[in-house]
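Right, one structure below, let's go through it.
Each chain gets a letter, A, B and C, in the order it is written, and its residues are counted from 1.
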Amino acid sequence: MGKLKEFTSSSLFLPVVALAVLLVFNAIFVDGFLTIQMTEDGRLYGRLIDILTRSSSLVILALGMTFVIATSGIDISVGAVVAISAAVVCNLIGGRGDGVAETPMALAMLAAVGVGILCGVWNGFLVSKLKIQAVVATLILMTAGRGIAQLMTEGQIITVYYKPFAYIGGTIPGNILPTNIFIAAAMVLLVVFIMKKTSIGLFVQSVGINPTASRFAGINVTMVIFLVYAFSGFCAGVSGLIESSLIRAADANNAGLNMEMDAILAVALGGTLLSGGKFYVGGSVIGAITIQTLTTTMYALGVSADQLPVVKAIAVVIICLIQSKKAQEMFDKWKAKRAGDQGLEKAVEKA
Amino acid sequence: MGKVLLEMRQIDKVFPGVRALSKVDFTLREGEIHSLMGENGAGKSTLVKVLTGVYPRDGGTVTMEGKEIFPRTPKEAQECGISTVYQEVNLCANLTVAENIFIGREPRKYGFIDWKTINHRAAELLHTLNVDIDVTKTLDHYSVAIQQMIAIARSIDVSAKILILDEPTSSLDEEETQRLFKIVRKLKDQGMGIIFISHFLEQIYDLCDRITILRNGELVGAYDVATLPKLDLIAKMVGKDVSAVRDMEVAAEKSQPSDEVFLSAEHIGATGQIFDVDLKIHKGEVLGFAGLLGSGRTETAELLFGVHPISQGEIKINGKKLDLKDPMTAMEQKIAFCPEDRKVAGIIGDLSVRENIILAMQAKDGILKHIPYKEQVKIADDCIKLLSIKVSSREQLIKNLSGGNQQKVIIARWLATQPELLILDEPTRGIDVGTKTEIQKMAVALAKKRGMSVIFISSEMDEMVRTCTKLIVMRDRRKVAELENDEISSENVMKAIAGGAA
Amino acid sequence: MKHYLNQLVASQYFSFVVTVLLFVILYAAGIMTYKGFMRPQVFLNLFIDNAALIIVTVGITFTLLIGGIDLSVGAVLALCCMVLAYLLEFTTVPVGLAILIILLMGIGFGALQGYIITKFDLQPFIITLAGMFFCRGLTAVISRDTISITNPFYVELASTRIQLGVGFISVGAVIALLTLLIAAIVLGYTKFGRTVFAIGGNESSASLMGLPVFRTKVMVYTISGFCSALAGVAYSLIMLTGYNLHGLGMEMDAIASSVIGGTLLTGGVGFIPGTLFGVLIQGVILTFITFQGTLSAWWTKIVVGALLCVFIVMQAFITEHKSKLSSKSSMESASK
């Protein structure tokens, strides 16, 4: 009983329950949802694997977003940075029909991730040094970023025929699972490692909760804020690789479209307050998988990709209201009033 | 003597767990400038907030010109004729001077705001206060002093009968203060009742007619300024009889400072905050900064910790001249600082006791040198034991601790960094008596046993007398005296604050 | 000389002066490069082509003035275009009623966002970001394909040219200019407008001075919603379609216009004529790109982004140095 209560009040409660509900729903209404089979060449496939594969880039974005939100900031440019990273990698490898890479793939990938970091550094500079509100600072890159991506691809969709490129978002022969699941897992492990081996987690929370006291305790607040945006850019860069590999092309208009909303939603669902402070990496990861499951479920129900934001927008507002202190106060008052009324009624009855 | 304007009788105000005001009386007459005095937590600001409708009163009556009033919001108080001008001017910096005076009550013509009339009337109104400025410029063009006068003009225009000035002079220089006083006197002559709150004794004796003194939420008494010597006033505020103060025993077990100087500051100052302070602190010494609130105690301490840059003078640590540009530089010199406002600058509320304790140490070590969890636990447990911090577990959130225990955690945070100079700014404010004594003893013990230098700042005179081996007395953001060994007594401190003469 | 320069930089119209200068320089550069810029109609076209953006910018300026933001404007515009097209094509609702319906929709949606933000003390960007996604999604729910408006009256309205001697402007442009005029009057000469500025300057002061803060904040988001809907009408008069991707990224253009025109993102300072020039500058850049012929459309996004960036950095710089600059001038004026 005590354990149950501990679980219901933990940060993982909401995302895990939401995920469970979605999975049960799917298991009942979608045929063969839970089946996982092995192909002849030794790959696992099934709807569950599908969800994991598709949620990999969102998981990565959510990791970066978690830190940003914990410092009470926001990064709405991640979708555009995904598009830029995708454009860079596809541009460098090139769209030659004979399937030859113009630049070694490893180098191209490094460059794409590097550009992602650069975007993050830019955001970090605007927010931490120039003290521009995070929304506006990242809004610049959100919009101009897509322009930059289009500039790189010259408005075309660059399709890459170089075979190994597809391995990032697909399966390397001999593996049983798609590579991007491994990438996402590696990123999660990296974050866990950083959290364990460095004190950045403590500093980020401290800055998010009370920047003044953090300064008095000797923390370099500017540096901490700068780093979280740079990291968010890094995450977006890595996501860009996956997103472009999945379609084997760079589509400047659609790569990473609406992903900023999904990432914010994943973080909020994972229990991190949008006003900053304590953050939960595990929550964000499960939150991201939950969002992807929701997306898949909605597709299964016949909702199209461009209609989906309606559902997600409502989810965001609901989570915001749940998190809102004011709403909680009002609810408590209402409860107290009701309890008072009931008490009064009882007293009257007794009399 | 003028007619009674405002009468507050038997005012009670209770906050959860604290009795903030108990049966306080206060009378204000027409054409009177009345000062409300008392140390921290005496209940001044609570009384003002009850009067201006920020807090509802729990008992007693407030009558104005014979009629009982019940203001529930600052706006309702204003409608009754009670206006307040705060230290931080509550106007909008982006609006013009004229608009700040008239917003919410703009004269209109054909339904639209009549700017011509507004500007004209604002200029006229300010002219009556001897302030002749361009009223069409935005407020942020003018200094705080002018802004305050504009705020006063606004209050006058809403036909105030009572004007409350809450710490109006704390950021004004001498000339500006005199200019403000001229206006206040003019309003007094017009028959307005003025409540003046300030920590500057000189100014109160310069300006006010009567003084009401509060202590611990209770009324000490109301006096005519002319018949109340400064020394008596201070004694009444801190709650010590002057003769009793003289006899008070000085604790025997003080630390013995060594001859080695840890830090010396020569002529340090920061524009508008601190003027020309000299000090030396030896190893193993407990140095006290005495003075009333707002005298510059905290500001001086903050300069030593690099919170603000100094604009004049120099600071030497172990004989080496240093530029303390941020807290980290000071921390590298083994200086530690427990700030005055625990909630705002001390605790990280949503973090655990353990995390709060290791925070400064970790900040000093940097991001990459993560203190292993096991070590964190050990440090936290040691501190909890050493300072006997009462917690249910080291993972308890600090915001759920009592004030005294929160304070101990912050002290623990700094002790963990192994400082050579520990600055304690009001470490005993708002905490229970038992913990107060513990913290005082700890300060002495640190100096005595570890040879640490300690700067101790407190509003409570006994505390300072008991713990410090040297006292620097401050008034009006300047150092006015330095007391050592046998000179340290409440009486001498009060004399120094009162300006030598009693 | 230096003194005047300091005062100019510290003045709240500095941004406006820079903007007007920039516009003049850009336009002059246009005239030097392309003969076409000389024609008065090219200037009037700026108003015709950017009618919707002007209206949206006016709305967003209100929200920026109170220190808030509204990211939903472009999406609300798209939704309104779509509903209008749907009503005119698939129902027998008359044009006037259809327009009324979408205007009410904008008002309702804006009021809802404003209420949620103010009542529950939530960050405006997150709620309006959700609002943006909600409206975009809803637009796609109504139709995933383009709906063309063929209603004869509406088509005629769209092609109506209002002669101005040297050239002509469209109905949309007239609506935009009227919106600008009304907004300028409301902000400058009504209690509501001044309260907006006061809230942006210092919200707690505003409430201590007894101003109706809650009501005003909800009103501001309502106005923004209304302007987005009205811009939807202007937009559909140009496009004559309802489409899911109408007004994509318009929130950014509008914020950029407003900021370039001198609105401070921290609230409290803004100037309606400035926002007009903010839009016009973007229009000129667009015209440049059209005249040039080989430059592609994405350049606008980049240039607007860069421009916004420059102006924001300028704002940050001015705010930081303002205390220094203005403290000087205050001493002088006080010692008069």
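Keep this in mind: a residue touches a chain if its C-beta (ideal position, glycine included) is under 8 Å from a C-beta of that chain, and two chains touch if they have at least 3 such contacts.
No experiment lies behind these values; they were computed from the predicted model shown.
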item: Reference subunit C; chain at largest CA-centroid distance; value: B
item: Of B-C and A-C, pair with higher C-beta contact tally; value: A-C
item: Centre-to-centre distance between subunit C and subunit B (centres being mean Cα positions), rounded to whole Å; value: 46
item: Approximate Å spacing (C-alpha centroids) for the pair subunit A, subunit C; value: 31
item: In the complex, subunit B residues that touch subunit C; value: 74-75, 78, 90-95, 99, 103-104, 106, 112-113, 115, 132-134, 137-138, 140-143, 145-146, 154
item: Subunit A-touching residues of subunit C, taken from the complex the two chains share; value: 69, 71, 116, 119-123, 125-127, 129-134, 136-138, 140-141, 144, 244, 249, 251-252, 255, 265-266, 296-302, 304-306, 308-309, 312-313, 316
item: Touching residues on subunit A, where the partner in the complex is subunit B; value: 196-200, 202-203, 205-206, 209-210, 212-220, 277-278
item: Subunit A residues within the subunit C interface of the complex; value: 74, 76, 126, 130-133, 135-137, 139-148, 150-151, 154-155, 252, 258, 261, 264, 274-275, 304, 306-314, 316-317, 320-321, 324-327
item: For the subunit C and subunit B complex, residues of the former touching the latter; value: 10, 12, 185, 188-191, 194-195, 197-198, 200-202, 204-206, 208-211, 268-269, 322, 326-327, 329-331, 333-334, 336
